[in-house]
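Just dropping this structure here.
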Amino acid sequence: MKYDIEICPVLARQQLTADIFSLTVSAPKLAPLAKAGQFAQIRIPGKVLRRPISICGIGPDTLRFVVQVRGEGTQQLSEVRPGDSLDILAPLGNGFPQQMAEKRAVFVGGGIGVPPLLGAATAFSGEKTAVLGFRSREAVILADDFTAAGCRVHLATDDGSAGFHGLVTGVLQTLSFDVCCACGPLPMLRAVAALCAERKVPCWVSMEQRMACGVGACLGCATALYRPDGSQYYGHVCKDGPVFPASRIAWEQGVQ
Amino acid sequence: MKYDIEICPVLARQQLTADIFSLTVSAPKLAPLAKAGQFAQIRIPGKVLRRPISICGIGPDTLRFVVQVRGEGTQQLSEVRPGDSLDILAPLGNGFPQQMAEKRAVFVGGGIGVPPLLGAATAFSGEKTAVLGFRSREAVILADDFTAAGCRVHLATDDGSAGFHGLVTGVLQTLSFDVCCACGPLPMLRAVAALCAERKVPCWVSMEQRMACGVGACLGCATALYRPDGSQYYGHVCKDGPVFPASRIAWEQGVQ
Amino acid sequence: MADMRVNIAGVPFANPLIGASGTVGFGREYAQFYPLSVLGGISCKGITLEERPGNPPPRIAETPSGILNSVGLQNPGVEHFLREDLPWLKQQGTVVIANIAGRTPEDYCDMAERLSDSIVDMIELNISCPNVKAGGVQFGVTCEGVENITAQVRKHCKKPLMVKLSPNVADISENAAAAEAAGADAVSLINTLTGMRIDIRTRRPVLHNNTGGLSGPAVFPVAVRMVWQTAHRVKIPVVGLGGISCWQDAVEMMLAGASAFQVGTAFFTDPYAPVKILKGLEEYLNNHSIANVTELTGGVRPW
Amino acid sequence: MADMRVNIAGVPFANPLIGASGTVGFGREYAQFYPLSVLGGISCKGITLEERPGNPPPRIAETPSGILNSVGLQNPGVEHFLREDLPWLKQQGTVVIANIAGRTPEDYCDMAERLSDSIVDMIELNISCPNVKAGGVQFGVTCEGVENITAQVRKHCKKPLMVKLSPNVADISENAAAAEAAGADAVSLINTLTGMRIDIRTRRPVLHNNTGGLSGPAVFPVAVRMVWQTAHRVKIPVVGLGGISCWQDAVEMMLAGASAFQVGTAFFTDPYAPVKILKGLEEYLNNHSIANVTELTGGVRPW
């Protein structure tokens, strides 16, 4: 069994910022299968499509999610309380590489792209740095968790209210590292990937796409990738990703 | 203002039988407008159509509903708890006649048709009897409320587990009365109406029909009625009813 | 403050929201909630030459995010409308649109003529009612049918003429083009999609008419697509409807190409829906510094 | 215990539930949840003569009680299917239906010929994909088109042939009759209704293809109506689909006239939906002492 459905009682709910909250659920069946960077498809009563949410933390029999309210589905999700149960399909996709042999890793996250990196950062055994970008001081999440995971944490904010005043790439430029894991808005991923490509450092990016099945059956979550020969094709975020080597992403996203 | 919308906090919820429960809501705007036998259209989150539910009790600033779980909508309604709020459109339609001049009234209810009669029974000032029919003893509701309203109460059950073994009409036949108010399944209403017609006693019946608007705009809730000249036409339960003189109902329900 | 006014076929509307035919009657019931002058217009319940009893009940069924209806054009006839309903409604300060359905082209022409001499602001030609054989849908399926009936009515109609199109066709934009060619001043779409539900307990169709017309949020994506296709095909204004239930839907419908929009089934879910839609729409325009609501029309940027 | 077996066009199915094309891929992903042998059959993702890359993303949008998709027939081509997918799937103990789409009649005939020599159980002729110009929908709109393509493929097809019909037409039952006349052994309906959503923030259509196909519970009443009309019009079996999400829907679809049914979008909401539907259906039959599921077909009693 690679993935399955489990009806998961909510154990804890914590508000992290005005619009971001953390949910910990009991998932004795799914948690042992999960790896850092994989995701879940959470059912929202009344909605036809499940919502893809990254697995932010994996306990022996628990899973943790950090969710931002973006629309009706995540709004509904934000209203669950300990005692309620969630219908969860997980763990899905390929997470970050399990053993990264490099010495120094950097984890670059932007906004709601930060949570998926926490597991990978926790698992990494070398020297680790986190560069976490947010709109403002009020939007900062999980900084302490990354510190607790053994990372040196750099913050960057759009308005300069915490850490570096500017984009995460502004911080990244100043760092030395051997491998990079990144998750966040597309323009950020693209800039991080370019920077890593220039330095010839391997870079892993976690991508998003609108999904239906979440398991690779519907071909809904297409993303343009390069083949080794340089030609393009549509791979699928849910099955081939969500984590890809940055070098495989066709950032222009057009298949000829 | 004849009717309006009010967001009504639920004050109390009481389970009456396995599938019937009572809700009391705060409705300071709507309660003063309401009369016995009128109904409300209660919004069910996620459903396009509201659910028509009779007003069972009217307080100075409260309304009481007694609801049976029949499908998804009433199921959802059964899950509300004190503290939740309901979006209620009320009071709708014409209730039972306000002042009945007759000396002896009988109130005949079948199953979930019992609650709409309680208000009318309470308001009636003459000699009053209630004949309440149910599947079995376990399904009996509101008998004490009718007693408290000053009624002599006769029960009838299909299986004989409480009161008379048989149909309400079996009891009704044995009674003397000057006016009758009835609510329940169509075959029951028809039989009661026939009995009253035979005795030349005025009979009021509360009808049901599938509704959309609830206010008379959509013409959805048609029911075949007789004109004074004996020809038929489609009147509307929400606006012309739900209470009609039984003599106006075209029980065959076909318009030529 | 954004200017909410729109002009459809020469008729000025205070705002682009019109109550859809058959869902607001002749206005009286919703005047209990708010003055009808808050609505840009009202399209009256479909009327026929003579009174019609309508279909036997049940006439309403619920479906996922939608409803089916088979009211079957119950109405008091055009003379009653002119005498009893129109004078009152016309005083409420909203544009009054008469929605007409007929059995024969002569029926339509006769009604159009009578209404042309009345104080009605606009006529909506209903050739798309799926619930009665005599409801004009036979004229609404083919381009030739649409062109033919529109041309005939046009000759008798001195009021601005809007043709209401059926979505139960292969290419609604062709039917719109046929209406335009025959002289329609505007088209409105969509009427209901034909649907059916069966009560598995009784094995009876839920509706006594067996089938009925599907409306409500379920049909919204179909309506947006059809309005988009039609707005590309014709030059006359397109009035968009089908499943609009919140201000975001209204914006979406206008971006797709609608010059105005109608709201129907949403009245049933929430009688105040139109007021909320207009408030949300106006706030949206103000927040985005859009001076005129008309700027939304056709604003979608296709890929 | 009720007998759940059905026979469609000579092909025996263990039960009437078929996974709908495009929603279950070639079965592998759902074999993680339960053995595919619990399903009566699987209609494979639509295949074309050559590999197709599919449409650019986004390909999925949500709508009230439905979804839009514009996958655009991404598939590895018929040869890859025959070599890599079919042998595995055929061993899973379920009926395997190849769903084929083409650019030209020759494409269809060529594929039908190759599949006729394979271990596929049945061919489903997809002339109703709304998401690619070359997806055959040009053959699926008119009766002549349906009749023509069906007749041509029939000549090259030695397997039972099911024609999948588009709901984006004026009268689907006429197209079904055309397919029947041209030699189809069964028809399946409905494919998706064309729809559109616009992101009001970006003013872009949500789908990169601008429009997409609507499926899910929202379309269920339309599908029931079309199956009902079609079952009255043709003698060949009708396989019903569109929005089935629970066992009650399956019963309703069969009562409307379906001999079997397909389940698509419901897999996305709940991968176990098919198992639950079959369990509910079987319990229903047992509770009502219905010996054979086939007794449901066409059991509706119209008014």
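Per-chain numbering from 1; labels A, B, C and D assigned in written order.
Assume a contact is a pair of C-beta atoms (placed from the backbone, for glycine too) under 8 Å apart; a residue touches a chain by one contact, two chains touch by 3 or more.
Every value quoted in this text rests on a predicted model; they were computed, and no experiment measured them.
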Minimum number of chain-to-chain touching steps separating subunit B from subunit D: 2
Most remote chain, CA-based centroid, reference being subunit D: B
Distance between chain centroids, defined by C-alpha means - subunit B, subunit C (Å): 35
Mean-CA-position distance for subunit D and subunit C (Å): 33
Cα-centroid distance, subunit A relative to subunit C, in whole angstrom: 46
Subunit C, residues touching no fewer than two other chains: 56, 61, 65-66, 216-217
Touching residues on subunit C, where the partner in the complex is subunit B: 22-25, 28-30, 32-33, 45, 53-62, 65-67, 69, 71, 74, 216-217, 265, 267-272
Residue ranges of subunit B in contact with subunit C within the complex: 1-5, 43, 47-50, 87, 89, 209-224, 233-234, 239, 253-255
Residues of subunit C that touch subunit D when the two form their complex: 56, 61, 63-66, 68, 141-142, 168-170, 193-198, 200, 202-205, 208-211, 214, 216-222, 224-225, 228, 243, 248, 251-252, 255-256, 299-303
